[in-house]
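Have a look at these structures, which come just after this line.
What follows is chain A paired twice: with chain B in the first complex and chain C in the second.
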Partner chain A sequence: MKRKSPFGPSGVSYPALTMGLLLIGAPLLVVSLFSFLKRGSFGSGVVYKFTTDAYSSILIQTNLIGQHSLNTAYLSIIWRSIVLALSVTVICLLVGIPTAIWIALQKKSVQKILIILVTIPFWVNVLARTYAWMLLLADKGLLSQIGGPTLLYTNWATLIGLTYAFLPFMVLPVYAVAEKMDFRTLEAGFDLGASGWRVLFKVLLPTLKYGILSGIAVVFIPALGAYVQPSLLGGNKSMLIGSLINDQFGDSRNWPVGSALAVLLVLMTIFALGTFKFRGRFGRSATVPQDLGGVE
Partner chain B sequence: MNTKKTLGKQTRRLQRHSLVIAAVVTSLIAAVTAPVANAAGSFPTKPVGTELNLYNWSNYIDPALLTRFTAETGIKVNLGVYDSNASMLAKLEAGARGYDIIVPTDYMVQVMKAKGLLVRINAKAFPNAVNLKKEFKNPYFDMNRWYTVPYLHGTTGFAYLKDKVDPAPTSWKEFYAALPKYTGKTTLFDDKKEVIDSALRATGATPCTSSPTKLQKALDLLKSIKPNLNTLASSGNIGRLSSGASVLLMMYNGATYRAKLANSNVVYVYPSDGMPLWQDNFAIPVGAKNIVNAKIFLNWMMDPKNAAQASIYAGYNNAVSGSDKYLSSAMQNDPAINPTDAQLNHAVAMAPCSTAVNDLYSTLWVSFKG
Partner chain C sequence: MNSRGNGSALQIRDVSKTFTDAKGRLVHALKDVTLEIAHGEFIVLLGPSGCGKTTLLRSIAGFEEIDSGTISLGQMRLDQMAANRRPVNTVFQSYALFPHMSVEENVSFGLECEGLPRSEIKVRVAEMLDLVHLTELADRKPNQMSGGQQQRAALARALAKKPQVLLLDEPLAALDLKLRRAMQTELKRIHRATGTTFLFVTHDQNEAMALGDRIAVFSQGQLRQCGTPAEVYENPADEFVASFIGESTSFTGLVMDGILKFEELTFPIPRYELSSVSVAQIVVRPEAFSFETGEYKCGEVTIEETTYSGDSIEVIATLRSGKQIKIQSPVEILSALKVGSRHDLYVDPLRVRILHGAVADME
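Here is the complex of A and B:
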């Protein structure tokens, strides 16, 4: 006997939808609202008066002498964040896809163990793991002891830390699709005379497409707002959009600008998702893992 | 029977009247005497409930001290921690409730006071306030101590390893000039105000200046030494210095003292071109639920023995006279903890910059970090 939800077949998802709307929608609304408000006294907090000052101060900069110009400082920070997030995504793609396929090709029992191994890092807090990388990359750390360079406090360290943190987010969704894939289609491709590259681009990658797309989304988007790894591993000497937002709510005491930057980040994310053509089948074809590690 | 009844009624009415009168009189007496009693120092000695929520800087109070407070008063202390004045302010302004005591730094007291975020407690009337050193009774940010009780105070200077750095810099000017010699082994705080203030001092200007040319000069200096820094960090510097990962870096005096316990080559410098003297304070935020317990804690912390234990743990001096005798002689004689008068001459208490100047600092900071 089948039980029917009183609200129809989709009714069971209402609680989840409500939670989602409340926990994601409400903060977003507040942030959007704050971005159009005036700064509070002493700079902190907000005054409920409409203004677009926050957005104009992101675009137009007033230098120390009081001259106005296009705000290249913020633009270069945003640009740097995008480049970093893209690099992390590309490395995760190059390493993550082969890993996921290799796991999918193992025996079922082995697969289970391998997937657990991939998720083991999530058992430890991201901050602790980042500190572990500091020890490895530091001067007189393990890497320099075996003759490698001292990478701590360089952009390379940031890149390594971020790739390490986000790689599981690429492996898991690609694996989820690869696991269901019929690998005999590859053999069929070869049998029909296709070259290795042709099979890769015409058979393998299209089949894994939605896993890869969800992987890109869950790697690129959090990497764009990365904060922990750049400040601990990268030496904190150049700003990223994440640290810029943090600074606006903290030291700079300018909540509206912090909110406006956050809104900008959301818009950039939506734009990125749009270019990946994520509509429609996104939800159906691949399981998107939850953000287990609390990576921000 | 009738009369008896009437009499009974009257008596009862009379009784009721006298009850009302008594109540009125009592409350009148209470109303008249209450302020007098307060001023005379009828300090709450009995805790209300057993809870106290302390919101403090991380790693800034001896856990054993809190345990002893609980043993002596029966009040349990729940400790929450933060890492900057700004994040504490942001949290309270965002509506966080449930904290009974916070630990704002001098300038932040002024900001929070003006925003109406602090409870007026008249700390001078607390029994142990007699122990306060004279120079801490009327600070610029809280004249008459209406809102705060002093906790620890210190200075921001720089430190170096004497076996690695030669010649030793004595001013911010020399500090910045020496950084290129120790590329990759130098650190500045990730703190806009401290870094820009020190760069202004190094270039001969005073902090909180709004002069574009002076700010530009500080920015140029900072940009020129940026490649010599390993990192900008406000925490972890004790380890960096004692391990030699950084040999010349911006430091607090107390943190330097703690680094010196691990490495005897550590030296703290009071820069001759000026340094900030900062002071952290206990205050009760508006919305606190356990105000009586908070007051008992604040008073307890002005006891010399307790203040001394706080100093020994954190490595910073306190404002309570009579606490020195509880400090170890090593600590008493360490110039990082107890500066000479000549050294202390360089240190000045710093009022906050105006919001306009703070914005200029932000612009400068973003250009520096890029």
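Here is the complex of A and C:
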């Protein structure tokens, strides 16, 4: 009874596969290649000659008289990026999970409206939204006018801007799972004698696990490589890895180092995914009910 | 083990609860409900949706707060207690099994909350899974099981806590008819085996009759009648109970010398000494009527419709005014009951029921 695709069983995946190879695989390959090449003369482009200079220059600096020492400049930027991305993720978790649950508890018609409200920021270009935050956080901006501190060009501004930008990415996947959740299970938890904390950590959060893991992945990873908010809101004083890569291809004209940093970012991302044991939706639906027959 | 009449286990006294609905109207979910449930009893709360039966169950479980009245278990006041401290457990309509846990983990959850030692939990869980015949599926997740199996898991999870009262909120509603019948038998077996007090909520009168030691019939937040299935069927307290449990036709008319007159029909009222002139309301079950001679003759009716249902014929007959009467008749006379034909209608005088409180003097 199975309908056959004219291109064989996997025929339908060809377009997606082609897109993936062209738009993700190929650039990744080029970047990896560039990271092992020599910097071109006058700083533009690359010379096709194998070298690991780019990687070693990230870790080791050589002073004028030829002494080697650990280069902490890049490492501190990477460390700062990780701390900031983690902070953004934690704040998004703390705000996003209750928000998603609250939305899921509303009437269906209200839920639809609330979800549209959550996605409204996407309708406006991210640059425009970030400029709006600059106006709010700047010296003599709205925040300082009402007596608050001037946060623009600090790490705090970056944190606010990133949290604002990525919060919907936490709310949406958590909501997707919460919306299908049977909230009676929480009552069942209390009914069986569990405390509020126990219901939270043994029933509610485990049930929302896949939404939360997806949320962490789609917030942490882009936050780690974010470029727009750090450069506009954080300024140059608190550079992050995203702006650093941009600078290497732009002002610094060092494509191999820029590529090497990009490769490091990809590796960090893969490491992060591994840490979260991210299995997404694939792991969950792998088990198909085997016996749906009668009980007797 | 089943020890009925051993003092009451659960006492519900004058319990009322109101809430405002979406349109801002005040709704009486429960109105002065008083009910005593004996140890080991299987009581069924029956009524249409919105009648308050589920609200009462949720109030006993601790998910709803009552406005007034008391709910107590022996000497223990339940209504002031937090849900997670009450010695009652619930089987939910949606089962509400924890989706990320296996059957075994679901059943042990409540015992872990009590802080029982691992070894004891293991023994108790095995015992419960054996009771509901789920031992083989202990490692399954809820979404790998059929509705009936999930139902058993939910039952085992609640019973593992050895509750004083087991609350079952329409637990069979999601199952198909055949499975529901099988589960009813199962529930009775488990009730006998555990000796626990069962409080079962349903809107299905057949289910209520099949399961309950007693049935408490609810309508619009009020307890209309509580009695054994035979009592509520044979002696309904009011028209609502009569119409909700089984089929019946009600007649209101003038009573004179033990005879009630309703349009062109008359009914004998043998058991009641009524004042010479009064108005009474009676209800008659379809099977109390007959088209065969021998019993009391009510009058003549017109056959409107006949439905063959295997072991009997369901007949709808009309009076001249158009009033419809439900009659159950043996299949043998199907050929005689032509639609539109007129027949003499007889009634068994012993099965004519006067509704309590419906008797009133005429103006």
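Assume the second predicted complex is superposed on the first by the 266 of 296 C-alpha atoms of A that agree within 3 Å, B and C clash if a C-alpha of one lies under 4 Å from a C-alpha of the other, contacts with A are read in each partner's own complex, and residues count from 1 in each chain.
Basically, a residue touches a chain if its C-beta (ideal position, glycine included) is under 8 Å from a C-beta of that chain, and two chains touch if they have at least 3 such contacts.
On a predicted model such as this, the values are computed, not experimentally measured, just so you know.
When both complexes are overlaid on chain A, the residue A:Arg184 reaches chain C alone and has no touch with chain B. In the overlay built on the shared chain, the residue A:Lys38 is in contact with neither chain B nor chain C. In the superposed pair of complexes, A:Gly193 makes contact with chain C only, with no contact to chain B. Once the two complexes are laid over each other on the shared chain, residue contacts for A:Gly250 go to chain B alone; chain C is not touched. Of the two partner chains placed by superposition, only chain C is touched by A:Val203; chain B is not.
Between chain B and chain C, it is B that contacts the larger number of residues in chain A.
Once both structures are placed on chain A, no chain A residue is touched by chain B and, in the other complex, by chain C. On chain A, the positions that touch chain B within their shared complex are 40-45, 61-66, 73-74, 76-77, 138-139, 152-153, 231, 235-239, 244, 247, 249-254.
By the touch criterion stated above, chain C contacts chain A in their complex at residues 61-63, 82-85, 89-90, 92, 94, 96-100, 109-110, 113-114, 133, 141, 143-146, 148-149, 152, 157-158, 161, 178-179, 182-183.
Put simply, chain A touches chain C in their complex at residues 182, 184-185, 187-195, 198, 202-203, 206-207, 209, 287, 289-296. Contact residues on chain B toward chain A in their complex (touch as defined above): 84, 86-87, 89-90, 93, 111, 114-115, 184, 190-193, 212, 215-216, 219, 226, 229-233, 245, 355, 358-360, 362-367, 369-370.
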